[in-house]
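Got a structure for you, written out below as structure tokens; questions coming shortly.
When the chains are written out, they are named A, B, C and D in that same order, and each has its own residue count from 1.
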Amino acid sequence: MIADTDDPRPRARLRTIIFGTDTPAGRGFDIVLLVLIVTSVTNLMLVSVAAIESRFGALLDGLEWFFTLAFSIEYAARIYAARRRWAYIFSFYGLVDLISILPLYIGLLLPEAQYLVAVRTLRMMRIFRVLKLVRYANDAGVMTRALRHAQRKMQIFLGMLALMVTVLGALMYVVEGPAHGFTSIPRSIYWAIVTITTVGYGDISPSTPLGQAIAGIAILSGYAILAVTGGIITAELTSEISAQRQNTICPHCERSGHEIDAEYCKFCGGDLSHAPEEEPAVDEHQAHARDKLD
Amino acid sequence: MIADTDDPRPRARLRTIIFGTDTPAGRGFDIVLLVLIVTSVTNLMLVSVAAIESRFGALLDGLEWFFTLAFSIEYAARIYAARRRWAYIFSFYGLVDLISILPLYIGLLLPEAQYLVAVRTLRMMRIFRVLKLVRYANDAGVMTRALRHAQRKMQIFLGMLALMVTVLGALMYVVEGPAHGFTSIPRSIYWAIVTITTVGYGDISPSTPLGQAIAGIAILSGYAILAVTGGIITAELTSEISAQRQNTICPHCERSGHEIDAEYCKFCGGDLSHAPEEEPAVDEHQAHARDKLD
Amino acid sequence: MIADTDDPRPRARLRTIIFGTDTPAGRGFDIVLLVLIVTSVTNLMLVSVAAIESRFGALLDGLEWFFTLAFSIEYAARIYAARRRWAYIFSFYGLVDLISILPLYIGLLLPEAQYLVAVRTLRMMRIFRVLKLVRYANDAGVMTRALRHAQRKMQIFLGMLALMVTVLGALMYVVEGPAHGFTSIPRSIYWAIVTITTVGYGDISPSTPLGQAIAGIAILSGYAILAVTGGIITAELTSEISAQRQNTICPHCERSGHEIDAEYCKFCGGDLSHAPEEEPAVDEHQAHARDKLD
Amino acid sequence: MIADTDDPRPRARLRTIIFGTDTPAGRGFDIVLLVLIVTSVTNLMLVSVAAIESRFGALLDGLEWFFTLAFSIEYAARIYAARRRWAYIFSFYGLVDLISILPLYIGLLLPEAQYLVAVRTLRMMRIFRVLKLVRYANDAGVMTRALRHAQRKMQIFLGMLALMVTVLGALMYVVEGPAHGFTSIPRSIYWAIVTITTVGYGDISPSTPLGQAIAGIAILSGYAILAVTGGIITAELTSEISAQRQNTICPHCERSGHEIDAEYCKFCGGDLSHAPEEEPAVDEHQAHARDKLD
């Protein structure tokens, strides 16, 4: 449909508008898209409210067609303008962009099934359009980078939680049994998750004295363990951030003490992106050994 | 009603009493007002309890008239004494002062509507008198300033939460559906908020095995992500506070290490309010660039 | 009853046993008392379980008489041996010791009222014997001192919470109203407390769409505000503890870096109890000014 | 069954495969075992789901026999290969390995009792096979060591929680009484645990105005106390980790600043396992005195 070898100049110009954020046109495009995303998601939310759907259904459906059309044009334009087309199509953003428009078209192909659960599911998948917003979360970059940095700690924390809820769930299945709502181990583990994270719906809760005693002790211990574990994670992150702050040295004025995600020196305004971290070269093997310890 | 050009001396004296806290009269005024606010809010709480209202209604209504009168006089006096009257009237405190008295007067104008919901709402708005207490929360200044300092982090945290609950809410709407209480996407998002923040009322909770499995995984992951995010925020705040403590230098004795909100040097007692932070001049543009990265 | 001017030597010896913990006799006394407290509290718990009380009531009552007698002797001995008797009687520990024995004696005076609520209440007050354990919580001293140090921050945090729940409770009373369980402002505030602290029983929960929307936004904002506030408190405590660690200097070997509650130098083992904190003298007035800022 | 004095060479080779992780064979053995554990635990979970058990019961039972046989062989091999057999048998891992297989064999001896609760309990104990995973949690070593380091703080925290819930539970038993669900002090303490840790099932909750008032105040205070206590624990951990980072000195290049659990110098890659912590020798008695203060 879109030839790969046409005049590169309009493509380049379009790319600047669509993928860039520095030119006035690029910023304008972003703002229009932001408004479209937010109103389209709101529209889908309203469609899901029965009372509103029954009164304004036609209007909301019309709007939905408008949004889908707009996002279809955006999707086509992105594919046309992208430097590496397949890379874009299979990227996280490309898939979100596709899922934002596909369900409506598929729904057209199966009109007789309009009321099936599968179609309703499909239609609602369009709400994941909200994920398009991630593209504009540059401001959250600091947080994201810090989270990626702490990914290993989070995995260990999750593993610890998973082990705790499996053991606790199995224990309560044995103690309380199907008669008191703990009808299977998976369901008991669901209860343990809801309990250990302190969500505590109360849809399932121990009712025998022994079950309540075990649950009480498990909750208290779990609470203390997780509070201290959280403290340890925070303490280690603090120590790492402080060390990194000391170790980043401005290549222009040679001063340290910069914020962990600073991109410019706070003393001379120089570019920090190539600033050396005060760490000597180590060969790959040693670095790997250290990674395993982290 | 109140002439703008009368003798300035009584106005100035009144201003010292009402807005100042250093003179004995000013302190006395504050204490009287504090007592009035607390008793008036208590009075409104008692009015809202049906059993008490039916027995002591007349007494409580009388007291309410007394409080409204007292706060009306206070409001008039503040307008009269304020240096810049319109600025006061449209300030946060001015609006709170107005809302503390207005509802009763409006209620008078619509006496036949005494039992309408609108009037009950109006009457209860007077409980926001409790916000008058914010004026006396000087002690909490450290906390407030620190919170304002961390405002950006809080916004990112809120944005992250908002995205998480929208996606989770939409997912559960699709999986559980209206038959199990997830009657619309907004309601599913309400469930997701109540779940991710670990409030967990249990008024809505997943009941299908698939829904419980997805909810269980989402709760565990959300718990771990938010725990680590909280740790990152704390770690960054710690790093910033430590850095600021090092960077504030007393202009009198040239020593550093002061608390982040200290107003006097802890070594020589000198005024720190003009203490330089150990940061060289940067031009406005660079400062702006750094703000964006924060 | 007990003469104030008898032979001081047995009193002094008794005091060493009762109040001291360094001699073998003192340690033995402590261990016996610990066992008595724990078994007596367990006994009271068992009495409160109807099924157990109906079968073993006589035995448990007998044990209770034994415990009360033992604690009565202990109370008399403490008064006899205490250096300043009235100070002991009106101290926290003295009152706990009295409340541990008094209810049973009062119950004797009103035997015909054996089944009244007032008497049941009285009897159960004996469970506060568990507070006698505080005496043995020396190990928790570090935590207690740190908590006292952070008392101001805790009060500000509590004040902030109190304001938040009052405003949120009043708002929801207006929005949801008595028809949906929010029958009075105090009850709405109870709901707000249960919600903001993420306990979330679900005995009261918003049921109108508007109420759920407001509650959802309040929960999300409250969660973010409290997470960041917790982070700020932690960050300030970290900064203070680090500073104090640097500022405590061993008077023997003149090295710093000791734990905040260390009593001996970790380098030379010298006594730190008179170690100077590296802070110059300030006159009382300035110190007071600083306290207000803290 | 297994002679203690056979040819040591196959035993040593087997030991390398079973207990070691460095050789290809050892790694392969670990991977096979990991897969067996996870699938076997999943199998047991499926057995506990009535709908699945009734349809695929025979298949799942067959698989269970296969898993039990495999783990039995593993158990026998471990006993055969272990350097100190009794030490292994009575170690945590040895007991977990035994409990993974024993229940099925015991179940065989009492086949007529197939449906008794005791047997169901026995069968489900096999799910604790999941604890075999702990063996592979080497990656979590950092966390485990940090948790052991903070064990003392956790105990104090737990003790504080235990005292709080006992007092609050007894108070609510007196205030609300059996008529409102607080049927005994142990049950009231269960409620207090569920409340203070913010789980909040709602299966028991205060219903009298006085009970709600007391619960509200207790929840608010408890929340503030625990938030600040958590902050203190985190602050002390941060301070300790920072100090330790400064105190570990590489014996090769004499630089400090290493992560608390680093095993290699991050500057020269040298082995840190014998690195001195910058702490002079203290005699045992002083060390003990310091431990008590910690």
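Note that in this section a contact is a pair of C-beta atoms (placed from the backbone, for glycine too) under 8 Å apart; a residue touches a chain by one contact, two chains touch by 3 or more.
Fair warning: this is a prediction, and the values are worked out from it, not measured in the lab.
K.L.:
Hey, what chains does chain C share as contacts with chain D?
P.N.:
Of all the chains present, those in contact with both chain C and chain D are A, B.
K.L.:
Which listed pair, A-C, B-D or A-D, shares over half of the residue-numbered contact pairs seen at C-D?
P.N.:
A-D
K.L.:
Averaging only over C-alpha atoms, locate the centres of chain B and chain C and give their separation in whole Å.
P.N.:
Distance between chain centres: 30 Å.
K.L.:
Give, as an integer number of Å, the spacing between the C-alpha centres of chain C and chain A.
P.N.:
Taking the mean C-alpha position of each chain, the two centres sit 42 Å apart.
K.L.:
What are the residue numbers in chain D that touch two or more other chains?
P.N.:
Residues 153, 157, 186, 189, 198-202, 230, 234, 238, 240, 242 of chain D each touch two or more of the other chains.
K.L.:
Could you please specify the touching residues of chain C with respect to chain B in the complex?
P.N.:
Residues 153, 156-157, 159-160, 163, 166-167, 170, 173-174, 177-178, 183-186, 189, 195, 198-202, 205, 207, 209, 212-213, 215-216, 219-221, 223-225, 227-232, 234-236, 238-240, 242-243, 279-280, 282-283, 286, 289-290, 292-294.
K.L.:
Which residues of chain D touch chain B in their complex?
P.N.:
198-202, 234, 238
K.L.:
Can you tell me which positions in chain B touch chain C when the two form their complex?
P.N.:
41, 44-45, 48-50, 117, 120-121, 124-125, 127-128, 130-131, 133-134, 137, 139-140, 142-143, 146-147, 150, 153-154, 157-158, 161-162, 165, 186-187, 189-190, 193-194, 197-203, 226, 230, 233-234, 237-238, 240-242, 245, 257, 259-264, 266-269
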